[in-house]
Amino acid sequence: MINLIYLTTLLPLLGFLINGLFGRKIKNEKVIGLIGSATIGISFLIVLGAFIQTLGLPIEERSNTVNLFPWLNVGGLQIKFAYLVDQLSLTMSLIVTGVGFLIHVYSIGYMRGDKGFWRFFAYLNLFIFAMMNLVLGDNFVVLFLGWEGVGLCSYLLIGFWYDRKFEKGTTSQAAKKAFVVNRIGDFGFLLGMFLIFMTFDSLNFKEVFARAASFPVAESTFGLIALFLFIGATGKSAQIPLFVWLPDAMAGPTPVSALIHAATMVTAGVYMVSRASIIFASAPVIMTVVAVVGLLTALMAASIGLVQNDIKKVLAYSTVSQLGYMFLAAGVGAFSASIFHVMTHAFFKALLFLGAGSVIHGMYDEQNIQKYGGLKKYMPKTFLTFFIATLAISGVPGLSGFFSKDEILWSAYANGGFVFWLIGAITAMLTAFYMFRLVSLTFYGKERFDHHNVHPHESPALMTVPLIILAVLSVVGGYIGLPKVFFGEHGNLFEGWLEPIYAPAMNKLSLYGEHTHLEEILLMTVSVAAALSAIFFALHVYRKNPQIAENISNKFKGFYNLLLNKYFVDEAYEAAVVQPIQKGSEKFLWKIFDVKFIDGIVNGVASLVENSSGVIRKIQTGIAQSYALIMMAGIALVLLWLILSL
Amino acid sequence: MSLIPMEYYLILSAFMFCVGVAGVLIRRNAIVVFMCIELMLNSANLTLVTFSSYLGNSIGQVFVFFVMTVAAAEAAVGLAIIIAIFRNKKTVNIDEINIFKW
Amino acid sequence: MDQNLLLTYLLLTPIIGSVLVLFFKQEQKQLIRWFGLAISLIAFVISLIIYFGFDQTNSQFQFIHQVTWIKSLNISYHVGVDGISLLLVLLTTFLTPLTLLSTWKAIEKNVKMFTFSMLFLEVGMLGVFISLDIFLFYIFWEAMLIPMYFIIGIWGGERKIYAAVKFFIFTMFGSLLMLVAIIWLAVYASSLLGHFTTNLIELYKVGPTIPHEIQSWMFGAFFLSFAIKVPLFPLHTWLPDAHVEAPTAGSVILAGVLLKMGTYGLIRFCLPLFPQSAVNFAPVISVLAVIGIIYGALVSMVQTDMKKLVAYSSVSHLGFVVLGIFAMTVESVQGAVIQMVNHGLSTGALFLLVGVLYERTHHREISFYGGIAKLVPLYSTVLMIAMLSSIGLPGLNGFIGEFLILIGSFKSAVLNSWWFTIFAASGVIFAAVYMLWMYQRVVFGEVKNEELKHELTDMNLREMIVIVPIFIFIIWIGVYPSTFLKLTEASTQSILQQVGSYTINLFK
Amino acid sequence: MPLNNYEYFLLMPQIIIGVGIVLSVLIEIYTKKSEQILPWFSIAIFFATAFYSVFNINQNFVLFGGMIEVGGKPAIFNFIFNIGAALVVLSSIDYLKKYGTYFGEYYILIQSSVLGMMVMSGAKDILMIFMGLELMSICFYVLAGINRKKFSANEASLKYFLLGAFTTGFIVYGIALIYGATGTTSIQNLVENFVGYSSNIIFILGMILFLIGFSFKIATVPFHMWVPDVYQGSATTVTSLMSTTGKAAAFSVLIIILSAVFSFNAPNVFSPYFATISALSMLFGSIVAISQNNLKRMLAYSSIAHAGYMAIGLAAGNIFSVAGIIFYLAAYAFMNIGAFTVISIVEGENDSRTDLNSFAGLNAKSPILAATMALFMFALAGIPPLAGFFGKYYVFIAAIQSKLTWLAILGVLSSVISVYFYIRVVVFMYFKDATEDFKINISPYSLIAVVITALLILVFGILPDTLMNVITSVLH
């Protein structure tokens, strides 16, 4: 089954071509939806088969490569178009195809009646094709192919409703912003690849990581490579400097946000960091940078999430914050924990977005949570699944969120230090608070929508079935990674499964200072207690007496505004980077430099010659005598020269 | 050989030549300008004759005959042109003959 | 040497074609158009025959055909092809029929003269790529100016005369300095080898022996002429005018092939003939190239006229090519050659598409359009693909070229600094910005301008026939580039060996 | 030197023309239909001379005791003079009809000026140079003013006469000094001990005056003032004769007088002089031509510039430059005759339409005229596939060979400037539409002349060896 892996990318490509080229003619939405979802479903089965087959193999033989064709061999560069099937890529493929399939099914319901239906499914399939390339790639260039491919699909899907307004501008402006910010990240990634090629003379994962582990390379080169790769990761996974595009990505339809901006694409950065773990491990300084950036992003995004009133915006900032957690885990060396969180996050965040989608669907495209309220009785299934996901994300023990988040907090404390754990716990508390604020404002409390033209209704089965499956996964998902402290060494199956991938990186890192179990249990209880208290406080405030929220926000007016406007980061970028470049190049580069300066010289020379010809021609006065005079002047000069040269 | 050294003749003819050139540059009347050109040619003749006598061979003198015939031909043609101009524009003053300029 | 006449047949077809066109009557427009298309297709077929007969492992010139032309100056009609020139010949013979086909509706005014100029232009272009005698190269280099001048001047836009004259004199200035350098080289060769020669292969041995100080002057003269043609950063102001004023066909051929003659000249003449000064000047030239990349991208970002935007983007793309050439590593030079073809394809496609819009609405300003996605969906997707290939999306052709150039210049021994690549790579960001911004203002959003509703019709069959072959190659180079890379591998190696043997080893 | 009567037979080219002149005078007197006969008669004798001198080009003798040379270099010059004159006569058949009265003398004067040129280019003695020069010049003075009724023609001939005679004064004085310094007027003697003489100040002074006189004739800068007014004033066909064959004759004399430098590579004492006047005339000619609106005057300035390019060959002073100059003269002659003939056709009735916008939209009116004019303009600009380019190419090679690279670069720069006003004519013809629509009646004969010159330029452009081999074989 493993060497059929190329089908998992070929099928989505076929899906894209069929829907893309003949979609308009097929017209029947059922058929298009079927084609779209079937290709992903079959791919999922193939990946599952490969997963099971790899499980059967002994540990050393679990990573094998499927070669397709030689892509680029020029001089020292030998790039083959090949797929690497090992524990890490299989895990990610399972997430991508699994969650992808559910979202495809969901979208059949959600997008019904939309005239661009066929286009939507074509783009979704293209996205899965690109994502699978990214995840299965055997070398950095194929990974980069997938990397930019997903960037393109996110551009297409964010700007899907190209004629709709979105906040100040249009959806296509948001799409452009996403693509450009991603491109800035890719710029860093490209430079990282060049440096890798220069130092290791290859871009193939196996060779690069083997050489990285073996021969001595200066610490600084590793640092630079890691830094460049991390810049690429921040671009793609929306971390501190380049996170501005993710909130705007909510301009796209909700299944898009679920698939791309929650489950798969944004985790590409985390996947890349953990794939190149050996490089990051050999640059401890950059490891701390990754951890700190992850932590700050988590805290900052969570704080913004507190005050957002658009349901999708709240979830978007929550995604940014959870991604911060994953990078925190990677930064402190717990690579398997970060991938574990990727998986659990994929389940409950996709569920939350799809839940939000069905709420919006039911509320006739109304996204402001202040206009919801009391939807519990109108949408029982959606409410139930949404509530489970909220429990999971808040880290309530027993659900998947708790296991992955606790693993991260514990390794943050073990390797990063108490401060890391403290900020992590506070962010967890904030997460719990704003999630339950969202739930209570939406499903509890009095109904704040006007009844005569808004009749909330439950979504059709096609949409609720995926919700239920995801809810089950959110609950069950955590049990494959039980904490060692309670269930002994092999409790954490997930870590065992990924352990061979990170072995070289691990022995480079000095990890796990000796910490007693007691500390772990103590910290775990403290963080859980904090989360639960935040939950009750949120329920208390937003279910019964919302005016408490009002007077808090009035009291801290300035701080509230700061959070509402997202720390004015967008405005800062606009003023500091976009405007100067645009105005500068328009006013100075084009109008002055190009037109006036260079063209000025060119036309200047031409007119100089023109005017001088106008002047010189005046010598021809027309009178024969003056001609004779000038001839005599010429002769006199010649004779003078003759005498002088004697 | 005559007693007068060759240089005297040469200086005389050079001087005559300069007078001719000055006449061409200064006088405004076409006919007078033409006469000055004839003067220049004759000064050249004088030089030729001087060299011929002092060098002892007759090539110079033969040359003078040709120069004189050419000068005559030029005179004929030149005056015809000046008459044609006079018939057209009733003037022979060179300053007024300047349709073509710049 | 096997006297292979194939190349001469390739050259003769358009010559005979252009002469025969003159005998048609002015009114038989359609017949002339079919005839022009047939001639250029025959040329394409011949070039394919040459391609299949070409032995890719041998880096020497093949299909050589040498006939003495001017005995007194020892100038001979000496043509031959190696990997690089064959690739560019194929690009020329591929683009010309498509360009002719794209003008069937656009050009109505004396079609006879137009077809004549296009075929004569093809002769000039092919001649430049296949001639192995510097003098013959110069003849074709200048002869190509006249038809392009007529194309811009007769069928151009409002300021066509200014643009045509500026184009002519700008290029003429550079190439005349090159003439002096060619003569000087030939005179120097006659003092060295004993006989007056302009044969390129012999001059490859003569060039590097020129004393250093004079060699840099010679290199300067050759380089100036090619830099104007490329166009390199400070010498580029003729390009936007020429592109904006030229008819669609003119700007496609101008962008598709004419600009490549500059870069081809750099590879064929500047590097091998004057290796020492090429290596000395490489950093300075690369700085200009990188400035060109960023400057071109920034200025095209703020353009209001679509054609000018694409024109300035050509300045940026060709900045990449020059950087690739002067980084002098195998990857970067091969990347530069493949990028020449990519630029020809993607910018050619973009110009054709702008032409499609211009044919219908006679407007090129971006502000005139908006929200045409609903009106012309097929056109929008086609424009999308062309745009993506131009900004270098992996999977399409642009990426291959840019990636190879950047990776090559990163590890280049001649430049030995990362800053060139870092700034050049930033060009990748700006490329995305200006293209997407243009695409968004033209295609997305609501239809602001009522006129568009009834004027815009989607792409018809003829236009698709023109665009589809270009897209086939765009995807082919993107997915499986080794067919093209293998073609140019041997000749790139030999050029770098020639340069390397006189300077530092370039094969680190 | 063979002294028997075979000698006269060798002088056949000059004899044919001489007898032709006498017969033309007789035709003029006795037959009424001389207007039809005379032009074709003169074309016949021109072609006869041209082909005669080409066919026995290698019978190279000096006759009459070192006075005149036949065959070799003079034969080529004869070819240029006669073919040029024939084309001019061909184009002026219908051109003269517009003046109403028929001037028989026109053809006779052209024949005698050609005779003068042939005498000049074949001269082996300064006396013969002087005789040929004067014969040619006097004929040109009259030809310039052939149309007595128009004042412009009179002005042209007067200016040409006064300044020409003025220069003849200098030439004669120069000759006198040369004679004084060397004792003889035979060029053979001059060539043999040129090195010895070049230290004698009188000789150098005489040579300088002589060269200045001929710089006037080839119209290089300080002595070019007469060219624009005379070329614009006189009839277009006469201008084309003067500017091409006249200039070629003057150059042939310069080549003869300096053959010591060219063929026996004596040190080129006058190279700085020629370099300066060539640089000045190239730049002056190109720059001033830009602001000209009248086409004839523009071509006058362009002929000054071309004299500058040819003077580079004189400055270079090696065997290669002589070949270059001769080729350039031939190419230049045919380009200019062609261009002037087209102007004479477009000029129309009262010779008024010679400004640029009368050429506007010519492509619509008559494509052949526009195409050939464009061809001449590109050839004059020096675009490769045409003869003009090769002329410049040879001359630049000569300059670079004798280390005058700066002059070549200056030549390149001025030809870039000249490209502007040459292609501006093409701009008017092709890119602009006709402003006033006047009918051009194209006479078949002038059209033939235009087509012949266009073909010659193409042939010399694509296969320059046809002419170049003949020239190089003659020079060694």
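Labels for the chains are A, B, C and D, by order of writing; each one numbers its residues from 1.
Simple rule for what comes next: a residue touches a chain if its C-beta (ideal position, glycine included) is under 8 Å from a C-beta of that chain, and two chains touch if they have at least 3 such contacts.
Predicted, not measured: the structure shown is a model, and the values here were computed from it.
*Asks:* Looking at A-D and A-B, which one has the bigger number of contacting C-beta pairs?
*Replies:* Top pair by contacting C-beta pairs is A-D.
*Asks:* Find the most central chain, measuring centrality by the gap between its CA centroid and the centroid of all protein CA atoms shown.
*Replies:* C
*Asks:* What whole-number Å value describes the gap between the mean CA coordinates of subunit B and subunit C?
*Replies:* Result: the chain centres lie 66 Å from each other.
*Asks:* State, to the nearest whole Å, the distance from the C-alpha centre of subunit A to the C-alpha centre of subunit D.
*Replies:* For subunit A versus subunit D, the centre distance works out to 79 Å.
*Asks:* Which integer distance in Å separates the CA centroid of subunit A from that of subunit B?
*Replies:* 99
*Asks:* On a C-alpha centroid basis, what's the spacing between subunit A and subunit C, in Å?
*Replies:* Taking the average C-alpha coordinate of subunit A and of subunit C, the gap between them is 38 Å.
*Asks:* Which residues belonging to subunit B are in contact with no fewer than two other chains?
*Replies:* Each of 21, 24, 33, 94, 97-101 in subunit B touches at least two other chains.
*Asks:* Give me the residue numbers in subunit C that touch at least two other chains, ranges are fine.
*Replies:* Residue numbers touching two or more other chains: none in subunit C.
*Asks:* Name the residues of subunit A that each touch 2 or more other chains.
*Replies:* 617, 620, 622, 624, 628
*Asks:* For this entry, which pairs of chains touch?
*Replies:* A-B, A-C, A-D, B-D, C-D
*Asks:* Can you name the residues of subunit C that touch subunit D in the complex?
*Replies:* Contact set of subunit C toward subunit D: 69-73, 138-139, 142-143, 145-146, 149-150, 153-154, 160-161, 164-165, 168-169, 172-173, 176-177, 179-180, 183-184, 186-187.
*Asks:* Using the touch definition from the top, list the residues of subunit D that touch subunit A in their complex.
*Replies:* Counting only subunit D, the residues touching subunit A are 158-159, 162-163, 166-167, 170, 201, 204-205, 208-209, 212, 216, 221-223, 225-226, 228-229, 272-273, 284, 287-292, 417, 420.
*Asks:* Please give the residue numbers of subunit A that touch subunit B in the complex, ascending.
*Replies:* By the definition above, subunit A touches subunit B via 617-618, 620-625, 628-629, 632.
*Asks:* What residues on subunit B touch subunit D, complex-wise?
*Replies:* 10, 17, 20-21, 24, 30, 33-34, 37, 40-41, 43-45, 47-48, 50-52, 55, 57, 59-60, 62-63, 66-67, 70, 73-74, 77-78, 80-82, 84-85, 87-89, 94, 97-101
*Asks:* Any idea which subunit D residues touch subunit B in the complex?
*Replies:* 127, 130-131, 134, 138, 141-142, 145, 148-149, 151-152, 154-159, 161-162, 165-166, 168-170, 172-173, 175-177, 179-180, 183-185, 228-229, 232-233, 297
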